[in-house]
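All chains are identified by letter, namely A, B, C and D, in their written order; residue positions are counted from 1 within each chain.
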Amino acid sequence: MSLTTDVTATLAVLRAHVADLHAELTRNGLVAWTAGNVSARVPGQDLMVIKPSGVSYDDLSAETMVVTDLHGVLVEGDRAPSSDTAAHAYVYRHLPEVGGVVHTHSTYATAWAARGEAIPCVLTMIADEFGGDIPVGPFALIGDESIGEGIVATLRSSRSKAVLMQNHGPFTVGKDARAAVKAAVLLEDVARTVHVARQLGDTIPIAQSHVDSLYDRYQNVYGQQPATTPSTLGSSS
Amino acid sequence: MSLTTDVTATLAVLRAHVADLHAELTRNGLVAWTAGNVSARVPGQDLMVIKPSGVSYDDLSAETMVVTDLHGVLVEGDRAPSSDTAAHAYVYRHLPEVGGVVHTHSTYATAWAARGEAIPCVLTMIADEFGGDIPVGPFALIGDESIGEGIVATLRSSRSKAVLMQNHGPFTVGKDARAAVKAAVLLEDVARTVHVARQLGDTIPIAQSHVDSLYDRYQNVYGQQPATTPSTLGSSS
Amino acid sequence: MSLTTDVTATLAVLRAHVADLHAELTRNGLVAWTAGNVSARVPGQDLMVIKPSGVSYDDLSAETMVVTDLHGVLVEGDRAPSSDTAAHAYVYRHLPEVGGVVHTHSTYATAWAARGEAIPCVLTMIADEFGGDIPVGPFALIGDESIGEGIVATLRSSRSKAVLMQNHGPFTVGKDARAAVKAAVLLEDVARTVHVARQLGDTIPIAQSHVDSLYDRYQNVYGQQPATTPSTLGSSS
Amino acid sequence: MSLTTDVTATLAVLRAHVADLHAELTRNGLVAWTAGNVSARVPGQDLMVIKPSGVSYDDLSAETMVVTDLHGVLVEGDRAPSSDTAAHAYVYRHLPEVGGVVHTHSTYATAWAARGEAIPCVLTMIADEFGGDIPVGPFALIGDESIGEGIVATLRSSRSKAVLMQNHGPFTVGKDARAAVKAAVLLEDVARTVHVARQLGDTIPIAQSHVDSLYDRYQNVYGQQPATTPSTLGSSS
């Protein structure tokens, strides 16, 4: 597969951007050792940029990032792509509006996943960012398309940008890689807050009409760059 | 609206000060992503300095801060003000002794808010800084004056500088922005400590007379700059 | 009171040392805002070096530290001494083997104090450093000698270098200020670990003979500088 | 004992490497004060490099590391070796495939140890890295071979690279010191996640066949350097 000059320039920018975004995972305490990864779809191409497998976050750079097609076949780079590449690729093939995917084993989100329990929408921040309860996806073994299928089926059944894969950990998506990282950060934040709240008693539900109202407002009004076209992935970045 | 030279000089100082104070929110672990904001009343003016909406804390500077009137209308700055501007403005209009307002979704304070439960005054630090139990405010949707009304009504019913808005998160006030940030930091600290204490059993109450004695002493004696005029907001800075 | 040249030189070193030790409190997450302090006895003098009241940790330096006599009267320095000075002074007057005192409101130690519950000796680290359960001291108001009396009476009834003052927070002591800071750091560490252990069930007790054996070994063998004289405060630094 | 030039060169590299690895313990929040240590076997020699006793992590360097034989007798260095040296030495004598050993008192792993409870394999990350439940070792006093014996007997009964010594804390092993540090980091991560999960209810078990499948894949496929020879310690680094 040969790439045009334009695509090569885009890839250089995107490799640096995806490498930098991994620093947000460590800064926000979402990952231990090498256990998390960020990818970005290459706009207009059947390609993605993703973290190489088993490389320390300190050693990540634009150069170490790898490029694969949307079946996970290596197109550019010296290293093996992340062992989660098949799941990222499946999401890009089946959800065309997704431009970025993040996977972590962040503590509180993974704890809900270990119980197989959705995070209830009892905070305005959950309504804003996720539009309702944050759902659990099925248990799936790594090695084939099971994880990707579980992620996509669960996201399609919900407004949530996040899915808690049972016994495993969260995947988040966004219109681009930065939005998917934002969702991963806010997911862990609300997973922890609701966990802490529940430790000492029952939380107060938010009426569905209020959840809808908060979600609509946040997706369309919040931030400096209002969405020009409606999107189920929202415009907050 | 045109500003005099004096006000312009004050604003330059205050914009830098409010930008810097946001670093205390991240340093003390009170905010995830862009979910928190600090504002300061401009002394002697119907104006306030506040964080712009949806901007990363790394990108905040004196230049990016915005100035609004006390109805939230933009007076100075290139960006949209924080989506919480209406709540800050309402507080300044109705509580003239308040010079600074802080809003976060800090984990432990928000967890009490998700249960709609006041933080009981079982620590000398709570008596010192908040003068009693830290109260819960009503559930309120963003978009009109409901949040501001809920904050003000709750603060008026208590000596506390902090209110836990139900299902949402805390707001704190102070004689200036730094004092409001201090209250936000100490609030999360005591919210966490009392949470942890309650996890393994009952806490021991402090007699009301002791609470009163501790509060009076701290508001009038503690620190290097005793208040020259009595204030319900205290002099600790 | 006039000081000799020798004492002045000692004070200069000790002021810098005590200022530096405050950085360990923040680095180990023991304090929020200005709510913690370290002091050191001036060897051979009825003097101590202590933190000034209400000053930010970022602004602490050898110059900002203050010197008081052992009744808390200011001898050197421009600022008011810590509001906890009376408690530190009382400890130095009544426990001649103590060379350093630390007070914090660290989360987990304070949580045990809010329930008025001693930390049980269920970890080898507790046996090593504290020699048994870590005791609770009485509730006491700031402003007279009550806090100091409570600390001293509790420490005299135990081998522990730490006391949990009810509804307030921990005080730790050591042969010098660094040893007292070490005790404060290890106290919070074991307070958190035992708290976490108890959340999911009962902990396994350690036989008293094993506690004694561990304590004796650690106080006399551990580290690079074995104690040349036996001391109830131990030799680990 | 005199060393050849080759061994001296190897030791210089290994001393620097082991000193550096201690920074991972603090960076990942596994240790308070000086309470943790890393060692490495010197390949082809009956020697190991280990941390000196009671030295602050800030003061560790290639020069301060010490070299002992596999009975803990000092061979090179000015300082006393770690008080845990006997345990490390016992492991190297009895488990020839082990090239690195780490000991910490990390909070969550130690909390499971204080209850004497194994960490159940309810996360894919536990299956990947540890191959099943993470076992508890016996209570043992420091000072003779009891701790070493307990570690080795427990590791031999399991695929786990980690053992939770009752009332004490975890030891982890690896093919080299870096792999043992990785195991210590992931151990605390999963100990915390399963703890958090259990706080609010039951976790979902993973079928043994799935645990086996995950463990086999991770030990043989993951990362950039697949194992060239099968090893019970795995190839992830």
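Heads up, the rule we're going with is that a residue touches a chain if its C-beta (ideal position, glycine included) is under 8 Å from a C-beta of that chain, and two chains touch if they have at least 3 such contacts.
Fair warning: this is a prediction, and the values are worked out from it, not measured in the lab.
Peer 1: Steps needed, at minimum, to get from chain A to chain C via touching chains?
Peer 2: Steps on the shortest route: 2.
Peer 1: Between chain C and chain D, how many degrees of rotation does a Cα superposition need? Round to steps of 5.
Peer 2: To map chain C onto chain D, rotate by about 90 degrees.
Peer 1: Same or different for chain A and chain B, where same means more than half of the interface numbers show up on both copies?
Peer 2: At the contact between chain A and chain B, which are copies of one sequence, the residues are largely different (under half shared).
Peer 1: Indicate the whole-number Å distance between the mean C-alpha point of chain A and the mean C-alpha point of chain D.
Peer 2: Inter-chain centre distance comes to 32 Å.
Peer 1: Among all residues of chain B, which ones touch two or more of the remaining chains?
Peer 2: Within chain B, the residues that touch at least two other chains are 199.
Peer 1: Name the touching chain pairs, please: which are they?
Peer 2: Applying the touch rule to all chain pairs gives A-B, A-D, B-C, C-D.
Peer 1: Please name which positions on chain B make contact with chain C in the complex.
Peer 2: Within the complex, chain B touches chain C at residues 28, 122-125, 182, 185-186, 188-189, 192-194, 196-197, 199-204, 206, 210, 213-214, 217, 221-225, 236-237.
Peer 1: So in the complex, the part of chain B that touches chain A is made up of which residues?
Peer 2: Going through chain B, the ones touching chain A are 32-33, 35, 52-55, 79-80, 83, 105, 107-108, 110-112, 114-117, 139, 141-143, 166-169, 195, 198-199.
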